[in-house]
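Both complexes shown next keep chain A, but they swap its partner, so chain B is in the first and chain C is in the second.
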Partner chain A sequence: MTAGPAMATAGPVAAPGRPVRAWTAAYDIRLALPLGAFFLVFFLAPLALLLLVSFYADPGMTRFGLDQYARFLLDPFSLRVLGATLWLGVEVTALTLLLGLPLALLLTWAPGRLRGLLTLIVLLPLLTSVVVRTFAWIVILGRQGIVNAALLGLGLTDTPLKLLYTEGGLVLALAQVQMPLMVLPLVTALSRIDPNLADASAALGAGAWRTFLRVTLPLCLPGIVAGCLLTFAAAITAFITQSLIGGGQMLFMPMYLYQQASSLNNWPFAAAIAIVFLVAVLACVTLLNLVGRLSRGYAQA
Partner chain B sequence: MRTSLRRDFDWFSFHGTVLLLAGLCLVLLAAPTVIVVVVSFTNGFSLRFPPPGYSLRWYAALAEAEQLQAAAWNSLVVAGWATLLSVVLGTAAALAIARSRRLSARLLDSLFLSPLVLPALAFGLAALMLFSLAGIPVSPLTLILGHTVVCVPFVVRTTVAALSQMDPVLLESSTSLGASRLYTFRRVTLPLIRPGILAGGFIAFMASFDNVPVSLFLRDAATDMLPIRMWQDLEGRLDVTVAAASSLLILVTVVLAVVMERAAGLSRRMAG
Partner chain C sequence: MSAGAGTTLILDGITQRYGTALAVDTVTLDIKGGELVALLGPSGCGKTTLLRAVAGFLKPTEGRVIIGGQAVDHLPPNRRTVGIVFQNYALFPHMSVADNVAYGLAARGVGRAEQKARVAEMLALVRLEHLAGRYPREMSGGQQQRVALARALAVRPSILLLDEPFAALDKNLRLDMQIEIKRIQRSAGTTTLIVTHDQEEALSMADRVAVLNAGRLEQFAPPTDVYDRPETLFVNTFVGTANVLHGRLATGPGGTRVVALETGGLLPTVTALPDGTRVAACLRPQHVAFATGGEGLDGVVEIGLPLGATLVHEIRLDGGARLKTAEARAAGARPRPPGTRVRLSPTAPERVSVFPDSRH
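Up next is the complex of A and B:
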């Protein structure tokens, strides 16, 4: 490890007169070199190559051209896949926010012991294998699954409903899989709010709903944005859940990319799909980040 | 009187709504896990819930499922190496960029965290292109390198957070008492950020163990990975052995999570 000596000799030793400044940049920036080099070779270089390959005009990769992008952007089918993927992300994010915010509120109200238990329940999906979590939904939504058993038992339906391989089922499963990504930032944001503010609002005569809408909600906007960002990005790239719960009829960007790359061996088109997807994700993330920055200013004002 | 009634209604309707939705959310979060565990003890051949009867037969079947065992071993080895690399590279990088307002540090911070938001499948394809261009055949080594890229952000994030929460006064006093920088690092900084590194390493390990998108592109035909094996088993036929394997994974994860929560305050650090 090269880190040791670099650290020992780096920078001036804090003199009594100006210690704080010396310590704000406590360690040598060169300590980032190993990971920087690693990322250059194994992260940035592959992405640059991906970009390059996407500009090949033919699957044989003999000449350059914008053909792959034209093929994607002029093809209604491809555009529908992109649209469906982004819309799926919006639906999942909306559902996780609707259910996650109340749970985050409950977590901040709960006393110590209960809070620990609730936190464990929130963390559980994040730590459980994605395949396992998705598998559970197959058991729940399948023809012999619990939902159908309950509906049949209650006489609400005569034949088992098709729940698996539907968009509703997929949104529900993804909401469970990504819920922790929404709840954890919300809890952080909510616990930073000064409880005196809610008390003051109540003392001034505002009811619980009004206090929530006018005080709590605006103050935890940065947490909401952070949660939405993580959930959205995770939901649209959740390859396993999309393919197992969505089934063959619903095609989303990750599976589209994988099919082109592995079964059809069309690397340039797969690369173009990947680049379009990357740009779409980055655009959404940047947009949400911008909203987040604005809301943070608002929350502090 | 009427205003007080309205206030009561307001209070109850708000707290009732929150409780109802939070309760729904808790059921949504916990039910799938509970159901998988219950189903894994079935004595039947299907994933029917509730099971017709209970037995340990699928756990016994697990002991003979050699494919699953081999895949689990491969996943463990790759996750172990990827975690080791992530912790070493990530901690050094976090020391360099935390608490620094320099532009280069901010840029590196964004770079090191960017694999978290980029679709891993796109990165997997890109890495495969690089390795095939360089004439390196896919192998457990390429898997480890690819996994490290997507796992290192977790270590960087938690370690940077731990470093920025550290009180600089502690470092000042250590130095003013005559300690060398290396000694200060070993005896003051490292113990203070150890929970952060530990939590990051744990999350990195779980992320690698569970990774499918990168593994799909970077593994060779001989290297079967557990999540891919289970995924393919599930796409083919719904085998109860997968439920038993899943329950074992859940058990191990819960135990590890509780240990990590005690040792490193995992939940606080995951909130980022």
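Up next is the complex of A and C:
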């Protein structure tokens, strides 16, 4: 950013809401130092190391080369794992949005006490361990699980359905686990919308659907983008849930990476997988952010 | 489709309860087509509740809303052909001015070509043709208000509702917009209801004023009547300023009616209430005259203020009550110095309005 002399001369009478550059410049760097140091040591340095390791040509790490990247990008199996992982993220995000948006609307419109209860229910997954939540889903989806027991008891099916270790079951479990990440940004965005806008829309002759599609939905787009980003990132990297609910038949990037590093001791290939995954995720995030950029103008003054 | 100019609006015995609290208590208003009516009252008097009942945002506990001879209580807001301008304008922030104005037309299935023509017509009406492509956040408060007005009028509503339309505008702009809205309302001929707590606004703009207090309709009359012939003590003190003196009615020498003040002294009045009634007597400051002799209330000047064109005095009567006076200030005239003994009387007995005293 260019904090030119023009900004400096603006002095303390800068436009309201805009920070006065001259004042902040002297302080913000020092205040950010602890966090900066933390990031440097525990985030940037390991990342640089990861990048370095990925450029070793052989598992013994004796010479440099782009062999690991070539191996990943030319291998249909690896590309399928990457594709399956990103697709899983899309499915989970779509389901979470589909279920989360009505829930967020309900939460926004609910009267005080009900609102508190709903908020607690939404937040509950965040307050329990991932492992516990995942095992709960195993109990629900297993062959002798709650769903199958209910279906059998009602006579709706003769043999237990295979729910666990299926992609459908995994998407469902991930959607539940990531729900708060979608609902909370949505509720924030929805509660910022002036309630008079919906009344104005109705008074102008619009029905509930038109009001939702033309007013509510566009105005909460920033919340949708934020929620999708969080859900997507969390779903594709959910190592524990992916492994336990997905089982052995489905392989996703985190497990693939883990196998290479831990079982096969192929650190350079594991590092390359990590970097490719990182780039792919960043590309998706950038794409979503572009959508968010388009909606930025909607934020109310 | 649109009922057009001059739709009548009847509020028939509207009552709104929230739990045990009574927000509106059987208010009945019969509004003529094309009339501009102000709902005037302090905050919490129920005026906004009435407005929301007409718009259909809430269903009153009792009573009916009748627009153009048809009860609309069963209709949701989007089927009522009622236009509303909110206090904060509630423009759609993600739409341009033209799209905002076209919104209601699109919702009612008006064709594209006609939408465009109507938007142009409305923006011309509010003199904002040149800003059609702007977004609400890029406009001033006054401009936003005119967009809100254009948006509400574009669908040719049978009734136009304005909720505290001038509260967010600064004083200079307020008068301009009041004149502007009056002009637009006249040319469109739309029956209009303005909610306001500002008495000047109500008195200057409205054809008739409905004064509300604690959910009850106190008076529904033309502005001059509300000011000159207030029907209740509340109206007399809320609209304009008034000195309130307490006393008991009596018949004075020569058969004239007087209020025998609790603090001593007699105040002539005209009333049909019987002798002995405990009353609150109201006298506006500009109707108090300094008497040179004869009968009146004696007191001393506490303070005198030269307020430009008027001269205001606060007088402490001998009985202890305080009275404000206001008179036109002649060129070079100064206020009477504090301590000056004066004798006061109403400019005419009719100027003293008396109301049964509700004090305990």
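One rule holds for everything that comes next: the second predicted complex is superposed on the first by the 269 of 301 C-alpha atoms of A that agree within 3 Å, B and C clash if a C-alpha of one lies under 4 Å from a C-alpha of the other, contacts with A are read in each partner's own complex, and residues count from 1 in each chain.
Throughout what follows, contacts are C-beta pairs under 8 Å (C-beta built on N, C-alpha and C of every residue); 3 or more make two chains touch, one makes a residue touch a chain.
Keep in mind that this is a model prediction, so the values were computed, not measured.
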Overlay on chain A: chain C relative to chain B, clash or fit: fit
Which superposed partner A:39 touches (first chain B, second chain C, both, neither): first
A:99 touches, of chain B and chain C: first, second, both or neither? first
Superposition-derived comparison: chain B or chain C, residues of chain A touched: B
Which of chain B and chain C A:204 touches, first, second, both or neither: second
A:196 touches, of chain B and chain C: first, second, both or neither? second
Touching partner for A:72 - first (chain B), second (chain C), both, neither: neither
Partner chain(s) touched by A:218 [first = chain B, second = chain C, both, neither]: second
Overlay on chain A, chain C to chain B nearest C-alpha distance, Å: 6
Shared chain A contacts, counted only where both chain B and chain C touch the same residue: 207
Of chain A, residues touching chain B in the complex: 1, 3-4, 7-8, 10, 13-14, 16, 19-20, 23-32, 34-36, 38-39, 42-47, 49-50, 53, 98-103, 105-106, 116, 118-140, 142, 144-146, 149, 172, 175-176, 179-180, 183-185, 187-188, 207-209, 212, 229, 233, 236-237, 239-240, 243-244, 253-254, 257-258, 261-262, 267, 270-271, 274-275, 277-278, 281-282, 285
Chain B residues touching chain A - in the complex, by the definition given at the top: 6-7, 10-11, 13-15, 17-22, 24-26, 28-33, 35-36, 39, 46-49, 88-90, 92-93, 95-102, 104-105, 108, 111-112, 115, 117-123, 125-127, 129-130, 133, 145-146, 148-149, 152, 156, 168, 171-172, 175-176, 180-182, 185, 189, 206, 209-210, 212-213, 216-217, 227, 230-231, 234-235, 238, 242-243, 246, 249-250, 253-254, 256-258, 261, 266-267, 270-272
Contact set on chain A toward chain C in their complex: 194, 196-197, 199-207, 210, 214-215, 218-219, 297-301
Chain A partner contacts - residues on chain C that touch it in the complex: 55-57, 76-84, 86, 88, 90-94, 103-104, 107-108, 135, 137, 151-152, 155
